[in-house]
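Going in written order, the chains are labelled A, B, C and D, and every chain counts its residues from 1.
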Amino acid sequence: MNKKQIAVIGSGMIRKEEIRNLTENLGEKLIDNDFRIICGGKEGVMEAVCKGARRSKNYKEGMIVGILPSLERLDANPYVDIVITTGMSYARNQIIISSADVVIAIQGGAGTLSEIAFAWQYDKPIIVLKNTGGWAEKLTEVRLNERKREPIIGANNVEEIITYLKNTFKT
Amino acid sequence: MNKKQIAVIGSGMIRKEEIRNLTENLGEKLIDNDFRIICGGKEGVMEAVCKGARRSKNYKEGMIVGILPSLERLDANPYVDIVITTGMSYARNQIIISSADVVIAIQGGAGTLSEIAFAWQYDKPIIVLKNTGGWAEKLTEVRLNERKREPIIGANNVEEIITYLKNTFKT
Amino acid sequence: MNKKQIAVIGSGMIRKEEIRNLTENLGEKLIDNDFRIICGGKEGVMEAVCKGARRSKNYKEGMIVGILPSLERLDANPYVDIVITTGMSYARNQIIISSADVVIAIQGGAGTLSEIAFAWQYDKPIIVLKNTGGWAEKLTEVRLNERKREPIIGANNVEEIITYLKNTFKT
Amino acid sequence: MNKKQIAVIGSGMIRKEEIRNLTENLGEKLIDNDFRIICGGKEGVMEAVCKGARRSKNYKEGMIVGILPSLERLDANPYVDIVITTGMSYARNQIIISSADVVIAIQGGAGTLSEIAFAWQYDKPIIVLKNTGGWAEKLTEVRLNERKREPIIGANNVEEIITYLKNTFKT
């Protein structure tokens, strides 16, 4: 069976060292638990999650996918294994989200907001890491519309995210 | 000079007659003032704005553009003049937004939220009609991230929207 | 009933005056017969067909649609009425083709070839103007695969194209 | 350094056992030589190349990427490791091609033709396996337009393809 694909989305710029550490830690733990990471392939949260992923002892080449808005492979951060160039600008957000089993948001500005909105529409479970600011924080426990589905889940820390994923997929 | 292109976005379903009337009125007034309407081409707010547009005495064939997510022209509401089928699912939201001079949101769920987020990223002026509920209402005067740009503008009624547009483009 | 939408595709650069004249003439005749023109919005065949269209006495604002690969409206030629910016590079070819009732190819290089291939897959009638060189000429009467559908039609001149369109849609 | 990404494109249906065997053999040899395979993720040539890839002793999970036109992961053939759902219909062809270092075509109908045209425009080296019929065969040594670039390369067999790739990337 294929590895579960976890989209990690968030700001393209990280200002606080603490958030960088959290995101790297998330990347490491996702790989420890044998998930594949899908992200936008660029800087900030995207780079941190990829960098952390490479640190895991369970890391094997091919576990980190970056889906870029541009046609330019060099836009990818150096920790991405598989670079998908879409040439479709932010429309690539749809591809990241629709390819994911679960979507995890950290911090996040307008781009992340569009991805969370897509995730809601495509009925993907959405977990936001609380206390990281940005849209991730604002949307904790929020429902984006009246559709009957699981609300956006707020996690207090990386461990809660991993527990959620293990409960969801390993049973 | 080409007509200014105004994207009108919002829920695919309207529950309150009052919002339908407001939206139809917006469509009519946009055409009265010689703007072109760009929308998602489907039901709800999209259909109401197109229906109202056709009612304007200034309406001429070609002023109403619907950009569909599907490849199926029959998904368009009957008031659209020009049906663009994208076959790209919600990625078509990028096309609606990037083609607009100004984006107006009425009510709106997750799809509208993704469009507002795109509009923010593409630096489009965004006006939300207040008191219509949904994301339009929640995002009044909000800034989606730290980017230095005009915040989301809240309009109390259709007249304020038209005044904004006239001030912006007719000077 | 909506105007029929005719995609006109072809090279982004025209080298022979004769082809420019033919293409402008096609644009004029399409509008004379009340069709809407959809094209890639840029130079070469795209610009010539739009320029000719504006010359028709039947031309009304809104009859010429340009669907651009970029996010930059200024990439459109000056004869386009409605500029759709996709930001999706050549993936926008799908949008031009799927939005058309009939696809007409003049001359044409690799981009046009991809559009003809899309037109074949989306089951759109395809007419190539013979003796204009490029892929339009090479594919006259060709079947792109074994699918049971009308082969690519070769037209000897603009009049034959218009006759085909009138026979197809006006009966 | 990342693995080189080789797009393998071709018909969604294979009629001759010989072509299936050739394609499976190509998949196996690509993985033997440590390339990553990118394909459309579906049946026919796409499935055969993935199936062969899994047979290689060098195969490791993550070496086979399928980029689907739909939003439906179950449309992927069972040999794909990483399923990217685009929801963008044939516009996904751009993503397959632009993400590749080299494009290899086997047999192929209209869809493959659009991919070869994209590959030409994105300046990707294109190798067609001769004697497999379809567009792969017809375009051997052909130049799609006047752009100064390497013409489409015809390979007589899988070995020639592998030799080309090794010469290109291993020096």
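Everything that follows uses one rule, which is that a residue touches a chain if its C-beta (ideal position, glycine included) is under 8 Å from a C-beta of that chain, and two chains touch if they have at least 3 such contacts.
Since the structure is predicted, the reported quantities are computational estimates derived from the model, not experimental observations.
Chemist: Any idea whether A-C or C-D has more C-beta pairs in contact?
Modeler: C-D
Chemist: Which chain's centre, taken as the mean of its Cα atoms, is farthest from the centre of chain C?
Modeler: Taking each chain's C-alpha mean as its centre, the farthest from chain C is A.
Chemist: Round to the nearest whole Å and give the separation of the Cα centres of chain C and chain D.
Modeler: 30
Chemist: Per the centroid of Cα atoms for each chain, what is the distance between chain B and chain C, given in Å?
Modeler: Centre separation, chain B to chain C: 29 Å.
Chemist: If you average the CA atoms of chain A and of chain C, how many Å lie between those two points?
Modeler: 42
Chemist: When you check chain C against every other chain, which residues touch at least two of them?
Modeler: 71, 87-91, 94-95, 98
Chemist: Within the complex, which stretch of chain B touches chain C?
Modeler: Counting only chain B, the residues touching chain C are 2-3, 5, 36, 60-63, 65, 67, 71, 73, 80-88, 91, 94-95, 98-99, 122.
Chemist: What does chain A use to touch chain B in their complex?
Modeler: Residues in contact with chain B: 11, 88-91, 94, 98, 109-111, 113-114, 117-118, 120-121, 134-135, 144-147.
Chemist: Spell out the residues on chain C that touch chain A in their complex, using ranges where they run on.
Modeler: The contact residues of chain C facing chain A are 71, 87-91.
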